[in-house]
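Multiple structures follow.
Below are two complexes that have chain A in common, paired first with chain B and then with chain C.
Our next item is the complex of A and B:
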């Protein structure tokens, strides 16, 4: 049975192909359209998925219930009237134009792709998240927690899964949402909502939780079980204005930071405060869920599940023995969950779980390209490249990384989900003290405070990080092991703390000694494992920096052509494009020009 | 049939010319005559030199878009005033609070039971 799962029209549109329960292909539209978080119908992602199908589709499943969402929008307009007309007038045309007629819209799109018309089905938004978390997990049975901004009405859901069954037990309703609360602070600190939340998380360790009490006293009414109500007097999102309002600004001592204004200690403290509150809510919800279900395993999904600091605490302090987080935890993963929910819950298909291996295949579910296509992309730009055998390529990469080079690493199928996991990555030496600054300012063109994530050989992870279980999807933070830490002054200003060397791997050690770890094993990503092993053999350090192969404002590269452009447009030193290896030091000055116009970035 | 921009421009200008000629024939006024002459000239331009007509077409498209946006806004404003605001007033009078905006400090939990799944739920948009 072939099922196409779709998510669209909010953010991170995606398509997923499921064939007899196995995930054949999954991709976000942004990778093809080059528009970050593209909300449009995932035409190109669906075309890619359909091209991988072994036959005609049997069903299409959309990731939420459009009429329930429309009801929420109308109910909200009524609740805040006579204010809220701008939101009403902004939302209604889109709904009347296409969102209310989704089956027809989807059918037309599929016919345009050359597919025959198939029935269009609908799963609930949180049911899709829950299914993406549980059915793709390694567990035979588990408790399920979904947390996001909002679906139709639900913002948080408790569930339980066993075998091929899944039930949602209790939930919290819009507008009382942990995702929206976090996004309000993202907005107030000058970052883009639904995009900059991870920046706020990265900023938090530079601050102190000075506003934790203020948040708990004025903004939310938090109960012992982790449920809460927002005090909507401080927020503007119901009226369709900004996320926050003048009362919110007055409460936190000033107006919102404009996106291009410098960051101050105030934003650091706000980030830390909301992070602490978020972690407290997640921990309380997890304890309640554990008590209700008695399960030992927890599956997590929804946008808030990408908060790897909260996930790390849950793993270390939470009541569950094991925690698995869907790597595409946001709305893109809803496409996967919708297809899985339909397959198991409607179709009644059985499911096997061995307790160890999940169904995500390392999240390498996206597009791949042949060596011929890669060679063509290099030739197009006149770049001479060596074609190397895997062993020689990995050894050469290790040599260049040890020499301090920054390397673009484009291998195999692209990742599904927001993290670069070693298929469309930039690699660098984590031991170099200046590497974080160099990568941020010269390669990624982004804010200097942003930390980088380490990849580590799975077999050596315990020696370098206090990590209690594998983290193949970079969804848990863990402290750098004490043996590798260096003492650093903690009283310095936050700008001064940026450049302090805090460990033997400073490029990936945050100011609080935490790191967003990805463990790499031999079966999950053979090429990356080989590079790490070769680097460890040369240096004794099995850790490298891994960051997404993109530049600011763009999604990760998808086609080899984009990888070549990214390589030329930044100060990257080398590019490993499939079997091909290019080094800038061997290129003539005329070959170094990208031909692209100077880049300018809108705040993200 | 998908219309190319040139064909669409020709079709629109021709229809506009026919419409204004009809108006002139019907009213016989000088204003209608000027309008019909202008439309006919632009139609000739669209048929003979589409490249010269393109800026005119773009301008007219922008005007059409602005008019439609304005019309949509007016219709939605009317809907908001005659439907949304009265329901809000009625809910205010009856004390209905579907979004739970009023504080409830005595509540022990804000978690609510989720409805049991219906067997036909995948076929429904609600």
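Our next item is the complex of A and C:
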């Protein structure tokens, strides 16, 4: 049975192809359209998925129920009328022209792709998140926790899965939402909602939780079981004007930071405060869920599940023995969950889980390209490249990384989900003290405070990080092992703390000694494992920096052509494009510019 | 023909939704909004001809 799962029209639209329960293809539209978090119908992602199908589709499943969502929007607009009218009027045309007619819209799109019309089904938003978390997990049975901004009505859901069954037990409803609370602080600190939340998380360790009590006293009424109610007097999202209002600004010492204004200690402290509150809520919810279900495994999904600091605490301090987080935990993963929910719950298909291996295939489910296409992309730019065997390529990469080079690493199928896991990555030496600054300012063109994540050989992870279980999807933070830490002054100003060398791998050690670890094993990503092994053999250090192969404001590269463009537009030193290897030091000045237009980088 | 089929499908879904969620109020609201949208589209498409007459 072939099922196409779709998510669209909010943010991170995506398509997934499920064939007899196996994930054949999964991709976000942004990778093809080059529009970050593209909310449009995933036309190109669906075309890619359909191109991988072994036959005609049997069903299409959309990741939420439009009428239920429209009811929420109508109800909310009526409740706050007349104040929310401008926002309601702005949203209405899209609903009346597209979203209410989704079966017809989807049918038209499929016909345009050359598919025959098939039944269109709908999954609940949090049902899709829960299904993406449990059915794709390694567990035969587990408790399920989904947390996001809002779906139709639900913002938080408790569930339980066993075999091919999944049940949502209860939930918290809009407007009382942890995701929206976190987004309110994202907005107030001058970052983009639904995009800048991870920046806020990265900023948190520079601050102190000075506003934790203020948040708990004024903004939310948090219960012992983790449920809470927002004090809506401080928020503007019900009226659709902004996430926060004048009262919120007065409570936290002034107006929101404008996106271009410099960051101050105030934003650091706000970030730390909301992070601490978020972690407390997640931990309380997990304890309640554990007590109610008695399960030993936990599956997580929803946008809040991308908060890897909270996930790390859940793993270390939470009541569950094992925690698995869907790597595409945001709305893109809803497309996968919708397809899985239909296959197991509606179609009744059985499911096997061995307790060890998940169904995500390392999240390498996106598009891939032939060596001929890669060679053509290099030739288009007039770049000479060596074609190397895998062993030689990996050895050469290790040598250049040890020399301090920053390398673009484009190999195999692209990742599904927000993290670059070694298919569309930039690699660098984590031991170099200046590497974080160099990567941020010269390669990624982004704020200098942003931390980088380490990749580590899975077999050596315990020697370098206090990590209790594998983390193949970079969804848990863990402290750098004490043996590799170096003392650093903690009283310095936050800008000064940036340049302090805190460990033997300073480029990936955050100011609180934490790191967002990705463990790499031989079976998950053979090429990346080989590069890490070669680097470890040369240096004794099995750790490298891994960051997404993109520049500010753009999604990770998808096509080899974009990789070549990114290589030329930044100060990257080398590019490993499949079997091809290019080094800038061997290029003539004319080849370096290659006629590329000057690039401007939009804020992300 | 296709538009009528889609309209029929939407009305069936709307009816099923209202019955399941006991939200009967949503039917007239959606119908009025759709009618208003249709009217706006209609007015905007015939207005060039009206303007040319005057």
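The rule we apply is simple: the second predicted complex is superposed on the first by the 595 of 604 C-alpha atoms of A that agree within 3 Å, B and C clash if a C-alpha of one lies under 4 Å from a C-alpha of the other, contacts with A are read in each partner's own complex, and residues count from 1 in each chain.
Everything that follows uses one rule, which is that a residue touches a chain if its C-beta (ideal position, glycine included) is under 8 Å from a C-beta of that chain, and two chains touch if they have at least 3 such contacts.
Source: prediction; values computed, not measured.
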First, second, both or neither for A:71, with chain B first and chain C second: both
If touched residues of chain A are counted for chain B and for chain C, the larger one: B
Which of chain B and chain C A:92 touches, first, second, both or neither: both
First, second, both or neither for A:104, with chain B first and chain C second: second
Touched partner set for A:561, first chain B, second chain C, both or neither: neither
Which of chain B and chain C A:81 touches, first, second, both or neither: first
Overlapping contact positions on chain A, where the chain C interface meets the chain B interface: 67-68, 71, 74, 92-93, 103
Contact set on chain C toward chain A in their complex: 2, 5-6, 9-10, 13-14, 17, 21, 23, 26, 29-30, 33-34, 37
Residues of chain B that touch chain A when the two form their complex: 72-73, 76-77, 80, 84-85, 87-88, 91, 97-101, 103-105, 107-114, 116-117, 121-126
Chain A - residues contacting chain C, complex: 67-68, 70-71, 74, 92-93, 96-97, 100-101, 103-104
Touch list for chain A against partner chain B, complex: 61, 65-68, 71, 74-79, 81-82, 85, 88-89, 92-93, 102-103, 121-124, 127, 154, 156-158, 167-176, 221, 223, 225, 227-229, 231-232, 238, 288, 341-342, 345-346
